[in-house]
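Before anything else, here is the set of structures, which you'll find just below.
In the two assemblies presented below, subunit A is common to both, partnered first by subunit B and then by subunit C.
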Partner chain A sequence: MRAYTPKDNVQAKPYYTDRFWVAPQVAKQDVSSDAVFEHDLNAIKAKFEVLDAYIQVEQMVVVINAADNFAVLEMLKNECAYNQLSEMSAIDWLASEGKFEIFYQMLSMSKRKRVRIKCKIDENESIQSVEKLFRSADWSEREMYDMFGIIINNHPFMKRILMPDDWEGFPLRKTYPLQGDEFAAWYEVDKIFGKEAREIIGPENRDPARIDRYDTERFSRLGHEVPRGTDIRQGEPDTPLVYQETEGVFLIEKFDAEKSVVISDRHR
Partner chain B sequence: MAQHQVNYLKDGGLPVALTTIDKVVNWGRSNSLWALTYGLACCGIEMMASGASRYDFDRFGTIFRASPRQAELMVVAGTLTKKHAEFIRRLYDQMTEPKWVISMGSCANTGGMFNTYATVQGVDRVIPVDLYLPGCAPRPETLQYGVMMLQQKIRRESASRAQKPKRLM
Partner chain C sequence: MQQPNRLRPFFENITFDRDDNELILNFGPQHPSAHGQLRLMLHMQQEQITKAHPDIGYLHRGMEKMAENMIYNEFMPTTDRMDYIASSSNNYGFALAVERLIGLDVPRRAKVIRMMLLETNRLMSHLFWLATTALDIGAMTVFLFAFREREYLMDLIEDYCGARLTHSAVRIGGVPLDLPDNFIPDLRKFLDKLPENIKDYEDLLDTNRIWLMRMENVGVISTEMALSWGCSGVMLRASGVEWDIRKEEPYELYDEVEFNVPVSDKGDNYARYKLYMAEMRESAKILYQVIDMYAGTEPALMAHAPQYISAPKLDIMTQNYSLMQHFVLVTQGMRPPVGEVYIPTESPKGELGYYINSQGGAYPYRLKLRAPSFWHTGILTDLLPGHYIPDVVSIIGTTNIVFGEVDR
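Entry: the complex of A and B
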């Protein structure tokens, strides 16, 4: 008999890992290859600690400490003319590094350059809001809280933006199941009918292709209808499809082609 | 004088039609189905097209209303999210009896391709549905055919007050 080796609950792991697969990397260039970026980077380095800096796809990426995020963005806005925060969000690296990566994508209209500021925070760490600098950060930070559970300090309206206010869980974390946890599965039933209705309504059908042709509780065929809940496994009554009731509808006459008149003279 | 006299035994007979209360009431109900505007996603565009001039829903007496108090038909056209589920239930409850629901398109029927945490897997988990229209999205002809089928269903129903309201549970 083989010796038992613990499998570390591989079923629960969110990733399929291939030992021989190497993630393709976009080529990085040194910041000194671009004079404008080099000047901006030196301006940041003069005041703040820079952990890493490189150019990728003609955009400069600067990795800073999470505590400096507001001051760095303020400096880039006021001194380096990066006057637009075009995008910001977070990336879940909890499985590999135990950290969230937060990135700010900045655009300078006058320089026609883009800079990405990155920083990393721990799972339970909060980060300073940049909403005072860029109004576009307002909803983005709320979304970040909604989807990742990252708490933003000094935000004027820290509330969920996409999911309902009473939602539990943060759906964009890698550990969140795509089809939802138990709370998500019963959310609408619990909210509208109450928990006691769970048994009556039943679990969600997650296989939309599943059709039981004998199920008269949930399916009906147009023109072959039977009362709800009838057992039709032994054959069903034949009710053919008709477009109008055979005896006609009250006050509505069937169109008779024989009686119709074709008007050929348009000036009559 | 006599030439204006109507001969009630000829030419269409008496100006009297004999019928049942059920038929008269259901005739009225089935031919003036006022629908609540409920476009939730791309199916809503097809629903709007059904109401516009090319397909012309007014021919069927189906006029879209913006208030549930004035509507008796709810065409759930599109993806129902879990956040919105309580509101569709509230609007359904606000509609006056008798009321009917058409679930239009794959998303409203089963959740469709949105097999995710945020989508209600079939609108029939929240409100009782009379008619399911397949398609992604169903064309306006399909919706018109569906409404005609619903008209037939209404004409077969009993119009009496004793008719119980439909319940999901």
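Entry: the complex of A and C
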């Protein structure tokens, strides 16, 4: 019987981990160690529930409820001078806790501070769009939907952005294999020839970039050229490489090492 | 796909089936001035654009997915393929993010070499920008001039790391090699000549009537729009925001060198052009200072952190324990501590950020690449309406988007 491999996370895993290995932690500082961050955190705490807050690698991380995401970002933008949303995306924790984590990376140019707002949603839960506050979220949220399948409410143009519109599956989920799934493997065949062509074409021909060492119909091996279609599974003859005709080619001067000049200083 | 049994004639680029006189023009994805695989669907009234839909994803390789399936050092050559015009800055951004995650300080000589690489990459990228944009507008001479200078820089980088485009010249924890003997004299020779070269370009373009008509008051981005769309780098500074990560949140040796941050409040194509030219001069200024720093540094190139970084080659070949460490790090990979970082750096295109979420494993649990060009492409949605077809080319030119990093 084959060994059981978990299907909820099919990404690469180290083949060996010491059973007593305990991973160290990146240090977390208390928010009170930074006056600016503390002020901002108190401003958030005054109106919203804060589940966790700390400083890690010089940036404040604030965990909030997913329902507050728009209001918190609006407050940070208008009252705390966080004027740019530099990045936002999601992390897939479906395997361990059945949730997506969404982070908003905020930048305040006047304070020179960066804050990361995080919240968690369930797999089939949707989240409010922040596109009204930051136009950059328009594309970020589309990318997040494209990659994780997280539905965004009130988004003006909810459509895939990087993958084709008719794609099935969400590539950055941990359940999605790196090489793609069945749908991905047949995508081009299905689209160009139709599903019924799958059996005619077969898995060995569906990849146009596939290289077969013994295929002399489409490939010829440099230095081992044979007539097209020859069976070379038993070996092939050597054909010596000839780069220049001995007598020279009409109109093309033969290279003469003595007469040529080598430019030694390429940088003038 | 073309359907032969359709009754109406089928045109690849233009659809005529609107009654309201609106024309939909499909610009790209193979348009030579789209700077890569950009497809724009433009709704037009006569020559004027009323709506624009940039369509991306033609170069999507799933780098974030690949990162989750690679050990940290394995991912380094992949970062080259993001902004392939200035690949060392991508390498550096990733290396810096992992170093901050681990809490590692790199030797000073490595820092100096990294500074040299970063700034030569900035020069290369800006020269490439100038060349291609000028070519799109029709200035062939500038293209040839700028490519000539870029060629010298590529030769220099080739002397350093052996590659011209995809350098992988930075390692997590330092740099792999010391500078070759000819590097500094050659770089100095190039820098001495650079002001003359920049003057050549400016003589050709600055007061050129065609250039001015295509550039001045075209593609004006207001400050609010630039901030809202997450613009960074020159796109932001041309709109009147003085924000350069090298100055505001200095990394490496940027707090030790003197340089200015050129800013303009015009927000149009011409302002961005002027900023690129000014930035090249500032890069040269930084390079001169960094060259002087090199002489006084200790020869160490990689940080000493046996848990994460392999020992120098000499130690690996002579000492048993270093060999064992090296073997484990190559086969299994380093395991940074549990935690997350978001580290922004000022790449030639803007704010290049790496968000890494590590769960203490050899593979990052989540790696998000924040590429500046992604939003600089998105802004075309709001920027293009109101402009005319020829403006599209010059606006795409000055946004300086590279599709390797838009699609990742």
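Everything that follows uses one rule, which is that the second predicted complex is superposed on the first by the 179 of 268 C-alpha atoms of A that agree within 3 Å, B and C clash if a C-alpha of one lies under 4 Å from a C-alpha of the other, contacts with A are read in each partner's own complex, and residues count from 1 in each chain.
What we mean here is this: a contact is a pair of C-beta atoms (placed from the backbone, for glycine too) under 8 Å apart; a residue touches a chain by one contact, two chains touch by 3 or more.
Remember, predicted model here, so these are calculated numbers, not experimental data.
Peer 1: Would you sort A:L178 into first (subunit B), second (subunit C), both or neither based on which partner it touches?
Peer 2: In the superposition, A:L178 touches subunit B and subunit C alike.
Peer 1: Touch test for A:P227: subunit B only (first), subunit C only (second), both, or neither?
Peer 2: A:P227: touches no partner chain.
Peer 1: Name the contact category of A:L85: first (subunit B only), second (subunit C only), both, or neither.
Peer 2: The answer is second: A:L85 touches subunit C but not subunit B.
Peer 1: With the two complexes superposed on chain A, say which partner A:I200 touches: subunit B (first), subunit C (second), both, or neither.
Peer 2: first
Peer 1: With both complexes overlaid on chain A, does A:E188 touch subunit B (first), subunit C (second), both or neither?
Peer 2: first
Peer 1: Answer with first, second, both or neither: which of subunit B and subunit C does A:P164 touch in the superposed model?
Peer 2: Both partners, subunit B and subunit C.
Peer 1: For A:R116, using the defined touch cut-off, is the partner it touches subunit B, subunit C, both, or neither? Pick first, second, both or neither.
Peer 2: second
Peer 1: When the two structures are overlaid on chain A, which partner does A:A23 contact: first (subunit B), second (subunit C), both, or neither?
Peer 2: Only subunit C; A:A23 stays clear of subunit B.
Peer 1: See if subunit A has more residues touched by subunit B or by subunit C, and give me that chain.
Peer 2: Between subunit B and subunit C, C touches the greater number of residues in subunit A.
Peer 1: On subunit A, which stretch or stretches are contacted by subunit B in one complex as well as by subunit C in the other?
Peer 2: Dual-contact residues (subunit A): 162-164, 171, 176, 178, 192.
Peer 1: Please give the residue numbers of subunit A that touch subunit B in the complex, ascending.
Peer 2: Residues of subunit A touching subunit B: 162-164, 171, 176-181, 184, 187-189, 191-193, 197, 200-201, 204-206, 208, 218, 222, 243, 245, 249-252.
Peer 1: So in the complex, which bits of subunit B are touching subunit A?
Peer 2: 17, 19, 23-24, 27, 31, 82-83, 85-86, 89, 106, 110-112, 115-118, 120-122, 124-126, 131, 148-149, 152, 155, 168-169
Peer 1: Tell me, which parts of subunit A touch subunit C in their complex?
Peer 2: Subunit A reaches subunit C through residues 11-16, 23-28, 56-57, 59, 61, 83-87, 89, 91-92, 103, 105, 109, 112, 114, 116, 134-136, 138-139, 147, 160-164, 171-172, 176, 178, 192, 266-268.
Peer 1: Quick one: in the complex, what on subunit C touches subunit A?
Peer 2: Per the touch definition, subunit C meets subunit A at residues 1, 56-57, 60, 62, 64-66, 68-70, 100-101, 103, 152, 155-156, 186, 189-190, 193, 225, 227-230, 232, 241, 243, 248-249, 332-333, 335, 337-344, 351, 353, 355, 357-363, 365-366, 368, 370, 374-375, 378-379, 381-382, 407.
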